[in-house]
Structure formats: C-alpha cells, structure tokens
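There are two complexes below, and they share subunit A, which is joined by subunit B in the first and by subunit C in the second.
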Partner chain A sequence: MTTLINQTLEKAKDYLLDFGFSEDQVSGLLLQAERDLTKELTRAQVVFDTEPIDHEAVNNVLHAIKGLLFSLGSREMAEKIEALREEDAVSQDILEVKRLLFNQ
Partner chain B sequence: MIINDTAKVSITEALIRKFELSEEEGRSFLDALQAAFDGDASPLLYKVLYIINNAHDADFAMEVFEFVFKQYRYLSDQTDDADSHKELDEFFLKFFRQTFGVKCHEYLRADERDESAINVLQHMSERMNTVLSTQQAMIINLSHAMRTSLNGILGYLSALKNDSSHLQKQQLRYLEQTESESTHLQALVSKILDISKINAGQMELRKEPMWLEEMLFESIEKILPELRKKKLTFETCGSFFTQQYIGDAQHLTLILTHLLQNAVAYTDYGTVTLCTEVVKKDADNDTITFTITDTGRGMRKEQIKSVLDPYIRFSAMSDGAGTGLYIVSKLLRKMNGALEIESDNEVGTTLRVTVPLLIHKAQKIDLSTQRFLFFNDEQIVNKEMFTQLCSFLLQNGASVDMVDEESHLMSRLLDPKIEAPTCFVLTTKEEYYERYNGLIHYFKSLPKFSNTKFIAQHITDHTQVSFFDSSFSHYVSLSTYVELVERPTDEFRSDVFKERVIRILAVDDIATNLEVLKLFVKLIFPNAILDMAFGGYEAIGMYKSVDYDIILLDLKMPGLNGYDVIETFEKIKPIPPTFALTADVYKKTYEKISKSGFFGLLEKPIQPNILEEMITKALHDNTY
Partner chain C sequence: MEEKMLKIIVADDHGIVRSGLNFLIEQQKDMQVIAEADSFFSLTEVLKTEDCDLLILDLNLGDKNGFQSIKEVHKVYEGIPILVLSMYPEEMYALQSIKAGAVGYLNKKVITEELVMAIQTIAKGEIYLSKAVNDTLLYGEELQEERKNPSEILSKREFEVLIMIAKGMNYKEIAEKLMLSPKTVSTYRTRVLEKLSLENTNQLIHYALQNDIVV
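For the complex of A and B:
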C-alpha cells in the first residue's frame, strides 16, 4: 500500500507542478491525497479480505481509487484498475487487483 | 564643623526661595545640616530623600542636587580652615554617595519592577491572544462544521419533502417548520462565520473590475419582492455609474443589499430611497456615497449608539440575528469606508455609506457599430437613469432610437429602408410581454434581424419571454449593454467570465478530487467562488441556500448519487448548467445524463482546457 501511495504522490506532485501551481498549493493537496489514498486502500483491503467476496463493494472501492488516481495524474494505473473493474463482477480477479494495489 | 551665622542665613534664604519653604521649614533643614556635621546625617538624608521621592520628578531631583552642590560650594568658599574643608568634603561626598546611591538603587529596582510588570503583562497579553485566537479558530471551525451539518440536514429535509405523499398534514407542517428553522439557523451560522472571519483577519477583500450600477441593480432586485409585498414605494436618485472601478463587488453588494433590506424591514408605510453620488474625485479614485433613506420606524438616540454592536435587534418583529450592521461596519472599515446613521424615532432613518474606489482604467468602449432601439409604452423607466444610459451609449459611439407606440415600432422595424437595430430593448405592461414574445419569435425568423439581440426588461418572475435573447426583472445595467453588444459572441466568451465572480458548487465524496478540481477552476477563473459538498444531501442543502452559476456533480457517490441529486435540485428551483463528473464514460452514460437534465459531461481526469471551454459555453448560453 505504501509503495502505491508514495508512487502516486510523487507523480501527483510533478503532474500538478507542471500546471504552474505553487509548491504550497501542491503540498497542501498532497497531504489530503495521502489521507484519501490511505482511507480508500484500507477500505479495499477490508473488502478483499472479506469472505465471501462482495463484488459490488469491490466495484465501488475500485471506482473510488480509480477516480483518485485520475485526479492525481496517475492515468496509467487508473486505467489498469478500470480494465479490471470493467470485467464481469463475478469474475473479477481479486488476486490481480491485490497484486496491483498491494504488490502481493 | 560649625556653620556660622552668615552661612546659616544665606542657606536658609536660598532654601526658602528655591523650594518655596516656610521659614520654619528652612530652619529645620539647616538644623538637619548642622546635625549632619555633628555626626548624625540621618535627618538630612531623610528630608532630602523625602522631598525628592515626594515630587516623583527626575528634573526636580536634579534641581535639589544642584542646590545642595551650590551650598557645598558656598560653605567651602566660606571656610579657610583645612580641617573644616576636609570635613566638609568628606561629608558632601558621603551625602552624595548615599543620596545618589539610594536613588540609583531605587530607580534600578523601579526599572526591574517595571520590567517584570511588563513581562507579566506581555505574558498575559500573549496568553489572552492565544486564548482569543483559539476561540476564534474554534468558532470558525464549529461554524464550518455546523454549516456543513445544516446543509446535510436541509438536504435530508428536502428529500423528505419531495417524497412527502405518505405524510399526514400535521407531519408535513412540522417538516416545513423544521426546514424553515434550519434555513434560519443556516443563515445565522453563516453570519457568525463572517463575523469570526472578520475578527480573525481572515476576511480578504478582492480587487477586481466591477460595475457599480450592476451591483446596485443586484441589490435592488433582492428587495423587490418585499417592496411589492409591503406596497412600499422605491425611488432612486443620483448617478448610475458609467465608470468601472476596482474593488470587492461581492462584499460591496452584500453591504448595499443588507442596508436596503434593513430599510425595507423596518418600514411599514411610505418610501425607501437610494441616492448615489460621487462626492470626491481625484486622478485615481472616486469617493462614492450611497444614501438609503426610509420612512420607517426610525431609532431613538440610545438605540443609534448601540446599533453597530453585534447581535442587536430593536424589534422582535424583525428577522435575523442583529449581526448585519456590525458586519457592514466592519467590512466598510476594511474598505477604508464609513457608515453614518441619522434617525428620528417614528420618522425614519438615513444610512450613508461612503467608500473610496479605485478607478479601473480600462480600454475605451467602442459601440460605434451598435444601433439601440428602445421601446417603452409604459412610463415606468426612471427618466434620469434613462437619460444617463442614452448619454453613455452615445458617448461611446452608439446610435440610439426610442419609440413609445406600437404602430411606430412596427413600421420602424419592418421598414426595409431602415437598418435593423443591433439591440432592441422592450419595456411594456406585464400582460403584454407574452404577446411581444411571439412577435420576437417571428422577427428572429427574418434575415434582417439575424444580428439583433432582443431584450426584455422589468419583467416579473412568471412572465414567459422565452424568445428574447435576454430578460431582466430590473432595468438592464450599462455593463450588461456593453457585454451584450460590444464583442462578437465567440470573442465575448471566456475573458468576460474570467473577470466575473462566478459561483460554483462542486460535489464529490472524495476530498482530494474536490481539491484538484478547485485548483483547476481557480486557475481558469481566478474570481470564482467554489463551494464544495462531500455528498448529495450536503449539496442539496447548499443548493437551497445559494444561487449557483455552475454545478459540477459527481455521478457515483455513496447515499444519493448524481442522478438523484439533480432530480432533487430540479424540484427545488430551476437548475443552472450542471455537469456530470465521471470516469465511466459509456454510451449509456451519455444517454442517461442527457435525459437527466445535465448540461454536459466532464470526463475524469479533468482537463483544464476542456473545463474552461465547457464552463464558458455554459455561462454564455445561460446569459444569452
């Protein structure tokens, strides 16, 4: 989780600075981003570890993470999540999602 | 040493003369001096120190020491005897050492005391400031939290009301009462928040180009329903400004609106008058006075004294928390302005706002290609204002024509030899607007009028004028004319809106998404005010209390989703251009959002250039 958060925040910093926002503006936003990423990824972990898998909950949390990643300029990662999310809810590859999000 | 008689007389006289002592006091001093020479210096030291301390004056102390020194010199001159000289020297040395020593020690201690008192005071002041700023921060945070919760509550109440078919009459009444009380509480919390922000120095004034008469119209528009309800007469006099200024339009409008609302609230019969005047001019600034006079209840002298205190209300009949005038006076002080109040009990009140404003040295307006045609068959237009408007348009190169009979209007418009106006402004009786609406529909189908903008002014809320390009419940402001006709449509777009204060509501359940959106919006529209709601119910509450220009609404949220929210918005009041925010862009999404009343879709990740284009287009379409 930490790896994904750190990578996303690093990308977000470059992404936002490129638009001409000040360091102050960006650093304030990154603090909020860190909080939201931690919250959503923790939610994801809980959802993935719950048996039986609630596919709607998985879909919702992936949607939230995807939105966050898009907002923070991590387009590639967001699109990977979107690709997994688009698959039929029943066949969602939880292992693949876990690998992507938590390096597991 | 023995002081001889001559010396005794001389010193006593000098003492009496110098310090205005009685003879007895002078002799007593001399006795003390003799006693000192005899070996007991205490009485003399005591006396000298007593008068120095008693005077509490450093200059006086200096005079005493100079005097003593002179007497020493005198006695020294009088003495030939070497032993007596030595004795005299030793005595005065001892005397000066002791008196100076005591005084210096005392001054030192006094300094130390002062220093420690200052330290204590500084410490107390720092503590007080910390407590005060903590309290201010706490009030701000609490007010924010309360406002957020109240927005949520209002949202839930709205949702409940919209689905109230199963409620009994009594329950519905309770619901409406709860909603009304919550709205009242929300307004109160907003005012407390404003006061706290002002007191904490967090209320920043904007510096943006603004048209004063536009603000005046906005303020007047807000009091029109109450004026009509109370059957009060409203009069205006003075200038309707043809000059742009740099200032904080939002807060100046708030000031004028509040003062006008106050005048209407406390007036049961008669007239409310608004007069405007430029009272002082220099190269860069105009000082402007807005005078609001009413024939209302007025105030007693003691009431006038406390009227600017916060939370003061003079009538249980009036709504509000009594914070308005306090906020107005604080804001004016921040603007280097002033508020004067004159009032006679049961006669009426005059409130005079004076504020200096920086002149905006904008490029000259060119209306030379514009032809204005005014039609007015109802003599309700303020003549003075109309004269100023015509003079403004003519000065900037436009041609102006005015018609007051329908037959003349028809022949004027349909005559092929006469060029069509570029701007046609209609003012007529309330019941005629809809008839003219059909006529405008016909005119717009003729090629001759392809470049004509049709405007209806002074219409009521329920009048249907859908074929007009623009309609106003008040008179059209000068700035609106300029914006309407000055530039071609495409060129008109974003620059105008970039300068204008636009109010945007952004709704998303994830704070980061809102913060990123806010950064982008402020980058494109620096004067935009962006309110953020973290959920559907909160958004509904905010929507009820504020009129937004644009809404950006996330589709997928826990609780109410974007579709539910826009559906509720539509039930509350006509919706401004509302964009769906989503990363799920499928064909079915487009279909669903177009059926649900959205103006358009903004795909995540938000691209600033697309955001700018979409918002500008929406604002433009909504204005014209």
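For the complex of A and C:
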C-alpha cells in the first residue's frame, strides 16, 4: 500500500504543479491525497478480504480509488482499475486488483 | 458599482477534486464556492438551504446514476444551471448530459484551462461545450452517436445482460446462466441503464425492442 501511495504522490506533485496550482496549494492537496488514498486502500483491503465478496462494496471502493488516481495524474493506473471494475466475475479479478494496488 | 459575486455549489465525491475546484474558483474575484456536497444525497440537502447561481456536478457521484442526478436536480431546481464534470471524454457523455438538463460539460483533463471560461459562458445564459463537442455537433455526428449500436457502447457482459433482461429473464436466471451472483447482475443492469440514459427496466425493454436487440 505504501509503495502505491508514494508512487502516486510523487507523480501527483508534478502533475498538480503542471496543472497550475501553487506550491502551497499543491502541499495541501498532497496531504489530502495521502489521507484519502490511505483511507480508501485500507477500506479496499477489508473489502477484498471479506467472504463472501460484497460486489457492491468492491465496486464502490474501486470507484473511489479510480477517481483519486485519475485526479492525481495516475491516469494509466486509474484506467486499469476502471477496466477491472467493468469486468464481471469480480472474485477472480480481486487477485489482479490486489496485485495492482498492493503489489501482492 | 459592486460586482455581483457568482455563487457556486460543487458536488463531487472526491475531496481532492472539491479542494482543487475551490482553489481554482477562489482565484476569481467574482466567483465563490458557497457549499460543497460529497454525494447526491448531501447535494439534495444543500440545495434545500443554499441559493446558488451555478452547480458544478460530477457525472458519477457514486450514489446516483449520473444522468439521473442531472434530471432530478433540473426537475426540482430548473433555474440552476448545471455544469457537468467528468473524467470521461466529451464525445461519450456531453450530449446526453445536455439532453438531461445540463448546460455545460467539462472533461476533468482540461479543467484548469477551461473551468473559468465555462463558468463565465454559463453565467451569460449560454451553453458551454468544448471545441471538440461543438465540432461534432457542427458535422451532425451526434445523430450518428445516437444511432450507435448499443454493443459499441456497452461491454460484452453488459450487452448480454441487456439482452437477457429484455427477454424477460430475472436476476436469478441471468446469474445462473452467466455464472455470476444476482447482485453482480443487478450492478450490470445499473451500468446499462446509466450508459443508455434509461431509468428503469421497462424503458430498457422498450429500448431493446426499438433497436432490434430482441424480437
């Protein structure tokens, strides 16, 4: 989880500066991003480890993570998450999602 | 004479997007974010008490189908112009958003360049669409878009679920046939409704018949 957060924040800093936000604004946004990413990834871990799988909960948490990653400039990763969200049989995709999000 | 301050409500389920929009808007001396909402439910609560000149609405708030949320706000608060924000390209959802009652559509990718322009255009009572969408309209391609085969809009699985619902199969039957849970089938149905701008199963069946998806 830490790896993904660090990679995302590193990319986000340049992305948000390029976007036109000031250094101060970017610092604030990055703090908020770290907090939100941690919260959603923690929620994802719980949701993925719950049996039987609650598909609606999986869908909701992936939606939240996808939106965060997109807003922070990690567009490619956000698109991968969205593609997995679009798939059926979420249960077998959970492994792929875990690999993407938690490097497992 | 004192300049009129444009009062804006921002509805997006991602806090970071709301913060970013706040930063962008607060740089304008004639615009002000007066309230925020992180869900459709909280938006309806905010709208009950706050009087605004513009609503910036995320197309996918999470707790409500995007087009449905536009329609519902537009129906109750017809006078409030709605600028839709989305991570999806304009060509996918802009026209549907306008048809649902929005007056502008902005892709989040170009938000810094175009947000202020979009707000100013809408404040003048005009519709705001990016150049890409305007060009599409100019060449009449929106009509082709409307006629686009649903199999091009929907994923393979969504299309299968559409066909089965239109044939009168219930969630349990579809779930067994596709080896999914009924809940997953229900999620697919919601996505199909969203992508086709439909509100319920009756409309979905009607759509399938009209488009010769089932006979």
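Everything below uses one rule, namely that the second predicted complex is superposed on the first by the 100 of 104 C-alpha atoms of A that agree within 3 Å, B and C clash if a C-alpha of one lies under 4 Å from a C-alpha of the other, contacts with A are read in each partner's own complex, and residues count from 1 in each chain.
In the analysis below, a contact is a pair of C-beta atoms (placed from the backbone, for glycine too) under 8 Å apart; a residue touches a chain by one contact, two chains touch by 3 or more.
Please read all numbers here as calculations on a predicted model, not as lab measurements.
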Review point. Which partner does A:55 contact after superposing on A: first (subunit B), second (subunit C), both, neither?
Key: second
Review point. Touching A:64, do we find subunit B (first), subunit C (second), both, or neither?
Key: both
Review point. Who does A:29 touch here: subunit B (first), subunit C (second), both, or neither?
Key: both
Exercise for review: Considering only touches as defined above, state whether A:21 meets subunit B (first), subunit C (second), both or neither.
Suggested key: both
Practice item. Considering only touches as defined above, state whether A:73 meets subunit B (first), subunit C (second), both or neither. Key: first
Check your understanding: Both subunit B and subunit C contact which residues of subunit A?
Key -> 16, 19-21, 25, 28-29, 32-33, 36, 60, 63-64, 67-68, 70-72, 78
Review point. Contact residues on subunit A for subunit B in the complex?
Key: 16, 19-21, 25, 28-29, 32-33, 35-37, 40, 60, 63-64, 66-68, 70-73, 75, 78, 82
Review point. For the complex, which residues does subunit A have touching subunit C?
Key: 16, 19-21, 25, 28-29, 32-33, 36, 54-56, 59-60, 63-64, 67-68, 70-72, 78, 86-90
Practice item. Show which residues of subunit B lie in contact with subunit A when the two form their complex. Key: 508-513, 515-517, 519-520, 523, 554, 556, 558, 583-584, 604-606, 608
Point to revise | subunit A-facing residues of subunit C, complex | key: 13-17, 19-20, 23, 60, 62, 87, 108, 112, 155, 157, 178-181, 183-184, 187-188
